[in-house]
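Below are structures written as structure tokens.
Look at the two complexes coming up: chain A is in both, with chain B in one and chain C in the other.
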Partner chain A sequence: MRAWIPTILRLLLLAVLVAFLANPYWFEPLFRPLTQNGAPAIYNQGSLLSLTLQHLKIVAIATAAAIVVAISLAILVTRPAGAEFLPLSRSLVNIGQTFPPVAVLALAVPAVGFGEKPTLIALFLYGLLPIFENTLTGLTTTPANVVEAARGAGMTGRQRLVGIELPLSVPVILAGIRLSVVISLATATIGSTVAAKTLGEVIIAGLLSNNLAFVLQGGLLVAALAVLIYDALSALERMAARRMGQVARND
Partner chain B sequence: MIEIEHITKRYGETAVVDDVSMVIEPRTLTAIVGTSGSGKTTLLRMINRLVEPSSGAIRIDGVDNRSVPGPQLRRSIGYAIQGNGLFPHRTVAQNIGTVPVLLGWDTARIKARVDELLSLLQLDPAAFGPRYPHELSGGQQQRVGVARALAAGPNVLLMDEPFGALDPIIRTKAQEDLRAIQKRFGTTIILVTHDMEEAVHLGDRIAVMDAGKLVQYATPEEILANPASDFVETLIGASDRPFRLLSLGEVRDAVEPGGAEGAAIDVDATQRDALAELLWSGRGAMPVTSGDGKVIGRVTVEGLVKRAARPT
Partner chain C sequence: MDIRFDKLGVVIAAIAAYGAYVAPFAIFRANRIVPGEPRSILEALPQPLGPLLLVALVAAGLVALLKTPLPVRLLASIAALASLVLLIGIAATYLTPEGNTFARVSPASGFWVSIFAFTLLLADGLTRLQLSPLGRIVALALAAAAISWLLASGRWDSLSILKEYFNRSDVFWSEAQRHVTLALGSLAGAVIVGLPLGILCHRVEALRAGVLNVLNIIQTIPSIALFGILIAPLGWIAANVPGAAAIGIRGIGVAPAFVALFLYSLLPVVANTVVGLGGVPRAANDAARGMGMTGWQRLWRVEFPLAFPVILTGIRIVLVQNIGLATIAALIGGGGFGVFVFQGIGQMAMDLVLLGAVPTVAMAFAAAIILDAVVEIAATRRPVTVTA
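And now, the complex of A and B:
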């Protein structure tokens, strides 16, 4: 019975999120005490729903690009022919992670202009590392006797990669994607400083007009999205792990 | 027939396998015995080219094993390893079908073959085919590993400590299964083990490896009777020698005319089992029964002890 409580809480959170996006004014009484001098309690400079969808879209595009590049790179450097590029790609990806997204935005704006593009670049660079490192871990920790058996059965390098190594790495790769998505969801808010349409707009509007209700709405929306997506991806990961016969590792 | 000619594998300065030559007759089981680091696994892996030799050649049925690309060669040779290395994300049926799929067999043919092998290894195809490896016991996993190695009907089966991870009771059963399979398919089996008992029990011939060199290659009887070096003698274990020798013979060869009291023993039992039973029950002789339960004679302690003496 108690195992159901987290699931119920999540469904509840999802229901509240959907309700809030469908009609924010239902929640006005909750935010009213946070405003001063009769300022609006609910964000009124645009639709919260469309901002949320924009936010998710930017994160999705940046993460998809990071997934493709990070996984390809990890595959490349784990092949015999690409092994010498491992240190180089490691440092490149690490630089992407250590470089603050704000600095990326500042550098990218003169090059590509205001709007979504600098945000996409910042999120893409920031999201590479967890996916790359996890794919690398997955591909290099495939059980030795399984790889040996695959070679012994006459599988070529490509057949081993596609048939054995990648499928067995799926749970670990998913964990990297989960990390990357959650970081991007939060980081995307600063994209609004360079005119990207994200939930950061709500927070910035709140900060500019000293309206705590706006700041809280923006922050809570991002937090709720992050929690729900994190949980959904965790569930997917557990499913994949079970499917790969790695029950013991995840229970 | 597998001809290994002056095969050497060097890693840097050290020769892991050092100028080994041997001929393995078709439809026999050859056990390669040695301590860890003796090069026995490397020698085995050079036959299907998981390891490329530094020099020398290996011919399988007269064809140099370097005449086809490695993966293609390995599809024609069965390979079973310790801890079985089953693919955890594939079902038992998919695991067994690995090589046939690589060879491009059609679905119906693969299914028929998988079912045949599962039945042969006493696993119900309907029940076990759709299961995943982690749902099986160690012994069942091992059998699936052997089935996978045999799936494409290879002439040669290489086994690297296939029974190493099994408990003694299941191991004995697995060894019996292997002999049955060998008889049925006429497969040439090369089995690497560190266990001389297993080698004597299973091998038609035994190759003893030490520090990369082949120190003796002979029948079990010959190895027990005339170990080529102190190393081989140590490996056999001097105190076990007479019993190992008896374990090679069946009771049928030691039957003497006459009768005896007490429980009987079957003609198919090993002479070692007969001697053990006699010693344990404190008797000098016991009746021998044939398969249908008829007494055909007796075995005596005296007779068995004579057979346990070093052959001349």
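And now, the complex of A and C:
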């Protein structure tokens, strides 16, 4: 029975999220006690729904670009032709992860100006690392006997990559994508300090006007999105792992 | 003898060629907020330094391009980087009109791209050198010493970022201290609370999933929101708990920033403690039990030393993350380098943004290298303690 509880909690969270975005004013009584001097309890400088969609759009574009680039790079450096780049790319990933997201964002502004561009760049660069690292892990830890068997069966390098190595790495790659998306969802809010249209606007409006209701709304929206997307991707990952497990067992 | 190309070198040489010949080397602005005018290497440097730099960069690019021995590559990359950082200072002095205090000269894309290209060459060389942990710390110390010498010698004084620094040098150091206090203090708090919590989660299985789930959810709350949300409860505590305000607890400022960083730090510390203790071999525990060790003795003399490298990895994650996140503290009056970043964004003064961002990145980078080395030393010591 207890295994049901998390699923029900998540569905409930999704329902509350949808209801809140459909009509935030239903929840006004909840946020009212957090305001002072009759300040508005629900964000009123724009539509929460459209900000949420904008937020998701920025994260989706940046993550999609990061997935394509990171996986291509990881494939490149694990092929014989790109083997010379492998050690360097490993250390670059380690170095890259020490760059704070705020700093990446701040450093992108002088290069491309204000708005959505610096946010997209920061999210893209920051999202690259977990995906690249995990794809690398996946591709370099394919069981040697499986690769040997494929080679014995006369598969070419390309066939091995597409038919064996990539499918076996899918769960690890998905884990990297999940990490990258969750980081991006939170980092995108900081993008609003450089005038990107994200849920960060709500939080910053709250900080500026000392309105806790706004801060909480923006924060909870992003947290709920992150939890739901994290769970959805985890489920996808488990599904992929189970399928890969079966494939391995059938062999 | 046939000429062979280095694959990575082709990429590096292409990037360096773009940086040196296509992109501008420096940007000149009449004052700190107007758009700048680009200057190429030849325009930005007095004769004969401009052509000399171009020749030096071509030579270093050729070393990268061809298959050359490792020491030559390392030397070439260091020489190229050194001439770039020395000459950007000279360019700034040369481009600034005599006695003009409003003009600003900053490094432009060409400079950064060239720096990136030769840092790649250096990083590749250092990676292939496979330095020991201690060797990496020494390399970091040498680089830090070289940069400190450049700063102290005044060769960079005409650069815009240092002009911003001179305008607020006193504030800079107090914000730096605040930044370090926030990052290290919240780390210390997280270790003091997180270690026992991790040990408890390891011993009491019923607690584990619940605690880790709550800590996971805290991580998903965006930092600017968590900082903001904490303003209210801390403000209430300051107003209603006697003595709280006296020890510095306030709704805005350092207190909420400190608590937020502390909350973010808990997950890596607790999770790595649980993983580390869970990875202790059964045999080691059984042997300790066989020797008649009590639960506490086992914890301190067997489990904890064996789990130490994993716990240290958690601490490394926290420290690097906190140094970056402490920047956000500035949004709620908590101080730190973020003050310059957000002031700079507000005034559209990018040099001021750099004044906040560059030290943050440098600190995070140094912390990562030092702690990675310490983790490696701790991990390689492990087998010795096991056999002893």
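Rule of thumb we're sticking to: the second predicted complex is superposed on the first by the 239 of 251 C-alpha atoms of A that agree within 3 Å, B and C clash if a C-alpha of one lies under 4 Å from a C-alpha of the other, contacts with A are read in each partner's own complex, and residues count from 1 in each chain.
To be clear about the criterion, a contact is a pair of C-beta atoms (placed from the backbone, for glycine too) under 8 Å apart; a residue touches a chain by one contact, two chains touch by 3 or more.
Keep in mind that this is a model prediction, so the values were computed, not measured.
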item	value
Joint occupancy of chain A by chain B and chain C, clash or fit	fit
Once both complexes are placed on the shared chain, angle at chain A toward chain B and chain C, C-alpha, multiple of 10 degrees	100
Which superposed partner A:L216 touches (first chain B, second chain C, both, neither)	second
First, second, both or neither for A:L14, with chain B first and chain C second	neither
Partner chain in contact with A:S91 - chain B first, chain C second, else both or neither	second
First (chain B), second (chain C), both or neither touched by A:L207	second
Chain B versus chain C as contact partner of A:A106, first or second or both or neither	second
Contacts of A:I164 with chain B and chain C, given as first, second, both or neither	first
Comparison of chain B and chain C by chain A residues contacted	C
Partner chain in contact with A:V146 - chain B first, chain C second, else both or neither	first
Touched partner set for A:T156, first chain B, second chain C, both or neither	first
Nearest Cα pair across chain B and chain C, whole Å	21
Residues of chain A defined as touching chain B within the complex	143, 145-156, 159, 164, 167-168, 243-247
Residues of chain C that touch chain A when the two form their complex	6-8, 109, 120, 123-124, 126-128, 217, 219-226, 228-229, 231-232, 320-321, 323-325, 327-328, 331-332, 338, 341-342, 344-345, 348, 350, 353-354, 356-357, 360-361, 364-365, 367-368, 372
Residue ranges of chain B in contact with chain A within the complex	48, 50, 70-76, 79, 81-89, 98-99, 102, 132-134, 145, 148, 158
Chain A residues within the chain C interface of the complex	34, 81-82, 84-85, 87-88, 90-92, 94-95, 97-103, 106-107, 109-111, 114, 182, 185-187, 189-190, 193-194, 199-200, 203-204, 206-207, 212, 215-216, 218-220, 222-223, 226-227, 230
